[in-house]
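Next, two complexes with chain A in common: one pairs it with chain B, the other with chain C.
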Partner chain A sequence: MERRLRKELTNLIKDPPDGIVVDPDKISQNITEWTVDVKGAEGTLYQGEKFTLQFKFGSKYPFDSPQVMFVGKHVPEHPHIYSNGHICLSILSDDWSPALSVQSICLSILSMLSSCSEKKRPPDDMFYVRTASKNPKRTQWLFHDDTV
Partner chain B sequence: MSSSDSTFEGSDKKESDNSSASNYECNICFDVARDAVVSMCGHLFCWPCIHRWMTARSGRMTCPVCKADINEDKFIPLYGRNTTDQQDPRKKVPPRPQGQRQESENTNGGGFNLGENFSMSFGIGAFPFGVFSTFNVPDRQGHYGHGHTHGPAPNQDEQFLSKVFLYVAVFFIFWLILA
Partner chain C sequence: MEIDDDLLANSDAGTEDDDEFVELAPEQTSAMDGMDPEEFPYDVLALEQVVTLMVDIIKEVRNVVEIPATTTRILLNHFKWDKEKLIETYYESDPDRIFADAHLISPSRKVAIACSKREIKPRYSVKENGEYVCEICYASVPEQLMSGLECGHRFCISCWTHYLTTKIMDEGMGQTISCAAHNCDILVDDETVMKLLSDSHVKLKYQHLITNSFVECNRLLRWCPTPDCGHVIKGQYVSDKPVTCRCGHTFCFACGQNWHDPVKCSILRKWIKKCDDDSETSNWIAANTKECPKCRSIIEKDGGCNHMVCKKCRFDFCWVCLGPWEPHGSSWYNCNRYDEDEAKRARSAQEKSRAALQRYLFYCNRYMNHMQSLKLENKLYASVRDKMEEMQKHNMSWIEVQFLKKAVDVLCQCRQTLMHTYVFAFYLRKNNQSIIFETNQRDLEQATEQLSEYLEREITQEVLRDIKQKVQDKSRYCESRRNVLLKHVHEGYENELWEYLDNI
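Up next, the complex of A and B:
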């Protein structure tokens, strides 16, 4: 698990995809907790905005999905992102595969942002934020087939 | 919220230096595949890695890379030129847990037993065991796309249903024995 994480980290630092910034200094103390900055793509509703994602890896990674959420004051306003930073994205739970990586998760989240046509919170945001556990993996997400 | 982050600009080189070595990396541990096997869809794994994934997800065996159906029997082992160990890597890992094939006194060997990899064999035996072998397979399909409702696990009903089936099957076996 550590070996693969180190490898992912090295690759992300060496060759980061557009819109993804990893600060190695913030990670070096503890390889199982990362923060990754993602930047809204040009020409989308989130252009010029910068957000921070937090990753927590359990000992079963990559066989088990990491815990991923937005942290900090600025959580993107999006119909699948709750104001507490939790993200409703199927690859983070039911559709997780060990072939996915930090990079592919970040890219999925970026493309989720890019395809957004209206900035708004999920309809049940207030309720969810009041009742949800701190760990988004505790939520039993139900994924519908609406594409956004 | 736009801040000037210099690390960020000017990085329009994407996966440019994908050296050929990474073509032989396992899709799970990202290391050069050891005890390499390839699936029918062409994806390379270490046998221990893919085996662990298949056992972790009983019933829903799809390729981690492309979601094609995969099957333990349909992996092809790869042997390089200097491989001294020509043993089939699939034999190295303990076979799948025994849970799926309980032996019973009143099955006469379960019909044709084609060796350790023939996992469906007991489905051919007496009728109640046929029931056993089918309801073990959860018929959950992947949920693609996203939504924004959350609530109880979507498969609770299914779990309940399979429990009911289990009780019915157990009852049926008892009835058979007592009759």
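Up next, the complex of A and C:
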């Protein structure tokens, strides 16, 4: 599925969603592992903050969802984002569809951040971070209330 | 009884590398004996026939309740394929409620949802120089290579195939596969799936998945237990009778285990569970451990000293006599208290609990022994085939040497029966009939071992005629002993003569 990934990359570089910054040089060496920068939008709780999202694509992508998480020191403080960078988002596991894309994942995460009304960690953060596997795809997610 | 025919068919399947045997099979089978294969009526269904059977039931229901086929199948699943109950419930309570219970969107609402979505978003990407862009692989594809469901989402056929294969093979999904588009819960019906799949292995797995609950819920249907066989046996009623699948495997229709006459399904189930629970540990326990005389926990001796301290209750005792350690005083390595009363009492308590284990091991070893020998069946057929060739070099005709193969068939049947007689005997309470049974068992076992020995003997020119007579006589004798034993047990069932031990 390398053709699709190359095409997705081209599209993302050409026409990135607001708040997403792609550095093509960082990606070109390894097409199956991307990092993109996410900027907190104006007028939201994350205004002025900058985060890094990591994407890892397995051989079955896009039929299998990519592994997506925040990396680096600064992980957004959000009720659906654990302090180890794992994101509780249904399209990353159960609700994944091969018709979704990196672009649509970015849009979902951006809207998740923008709609947040209170900066806090998930209630089970301490426990989760201690017990979770490094790969968020290993977690059997029980989705938190989507309206937060 | 059709047991012999079935076993014959079974053993033929085990010699597929040999054309002669396979060709000969029908003749051998009919020559076997006068048993009636019609006693238990059953059919062997290929997976497609099972699907047809299922589709017919779905049609029947749809004639009454007007809902889409896929929805009907899911509803039927929900009702464990009891169509009367579904129809009754559908008309006597709120249909919307039934759909909700079965995790379905009511068909009327589903259409409404699909329509409302259509207005918001185009169903597929715009044409690019007369072609469509597949939203999964991003390739431009001519219209005839695009496919989709009533929801309007369209993807290229190759992506559909890939998508369905992943769902079926990796996620084990069957009837709940929905459209590949995000947030579209329109289910892919089985006709579409079969049309889009080409790999027969994936097709088989899919048919297995969608029919599985249909077969499992249906008391008159049973999967052949052979891995990847995929055939289903359809009985006219439920009975503990042997059935033989097209793949050659013979098993009990009631419980699915290898054919296990004379023991009943429920007893065999109990036995298999017992074996699973403790076969690995009990041998080792019997040989290497003792129980703490005080709290009965298992103690393993880990050094040369006879002074044992129970890790659990801290009781000090002597490994040799099982009496308390204290009176042993300073005789560190020698036990001189073996005959003291206290030590004797401790040992007899231990013996009692060991006796139960010994008894189990007795039956288990014999059961395993016959099972092991049965597993070597293929090897035996091969070695007998060599002997048959050898004999033909010594002026015997092909037809004259067939007695050897038949003798192996008999041997295998006898072992299969003997194996299960030990399960039967393990749970049997002693009475006059059980003594007769044990005599029959002993006779059959002796005859079987002798037959086995004859079949392993070297064939030389001198013994040729002699051995033929001996093998034929012995295998006839084995057959008759086996019939006597089985008949006796069956009569015992009819007259309720068998009593079972409880608590074991």
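The rule is simple: the second predicted complex is superposed on the first by the 145 of 148 C-alpha atoms of A that agree within 3 Å, B and C clash if a C-alpha of one lies under 4 Å from a C-alpha of the other, contacts with A are read in each partner's own complex, and residues count from 1 in each chain.
The definition used in the following text is that contacts are C-beta pairs under 8 Å (C-beta built on N, C-alpha and C of every residue); 3 or more make two chains touch, one makes a residue touch a chain.
Only a predicted model underlies this, so the values are computations on that prediction, with no experimental measurement involved.
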For the overlay on chain A, clash or fit between chain B and chain C?
clash
Per the overlay, which chain contacts more chain A residues, chain B or chain C?
B
State whether A:Pro98 touches chain B only (first), chain C only (second), both chains, or neither.
both
Thinking of the overlay built on chain A, is A:Phe63 touched by chain B (first), by chain C (second), by both, or by neither?
both
Which of chain B and chain C A:Val71 touches, first, second, both or neither
neither
Is A:Thr139 touching anything from chain B or chain C once the two structures are fitted on A? First, second, both or neither.
first
Return first, second, both or neither, reflecting whether A:Pro16 touches chain B, chain C, both chains, or no partner chain.
first
Which of the two partners, first being chain B and second being chain C, lies in contact with A:Arg3: first, second, both, or neither?
both
Return first, second, both or neither, reflecting whether A:Met126 touches chain B, chain C, both chains, or no partner chain.
neither
Interface residues of chain A shared between complexes with chain B and chain C:
3-4, 7-8, 62-63, 95, 97-100
Mind listing the chain A positions that touch chain B in their complex?
3-4, 7-8, 15-19, 21, 37, 39, 48-50, 62-63, 74, 79-80, 88-90, 94-95, 97-101, 112, 122-124, 128, 132, 139-148
In the complex of these two chains, what residues of chain A are touching chain C?
1, 3-4, 7-8, 60, 62-64, 91, 95, 97-100, 104
Given the complex with chain A, which residues does chain C contribute to the contact?
135-139, 153, 155, 159, 162-163, 166, 170, 180-184
Interface with chain A, chain B side, in the complex: residues 1-3, 5, 7-8, 11-17, 27-31, 43, 49, 52-53, 56, 64-65, 67, 142-154
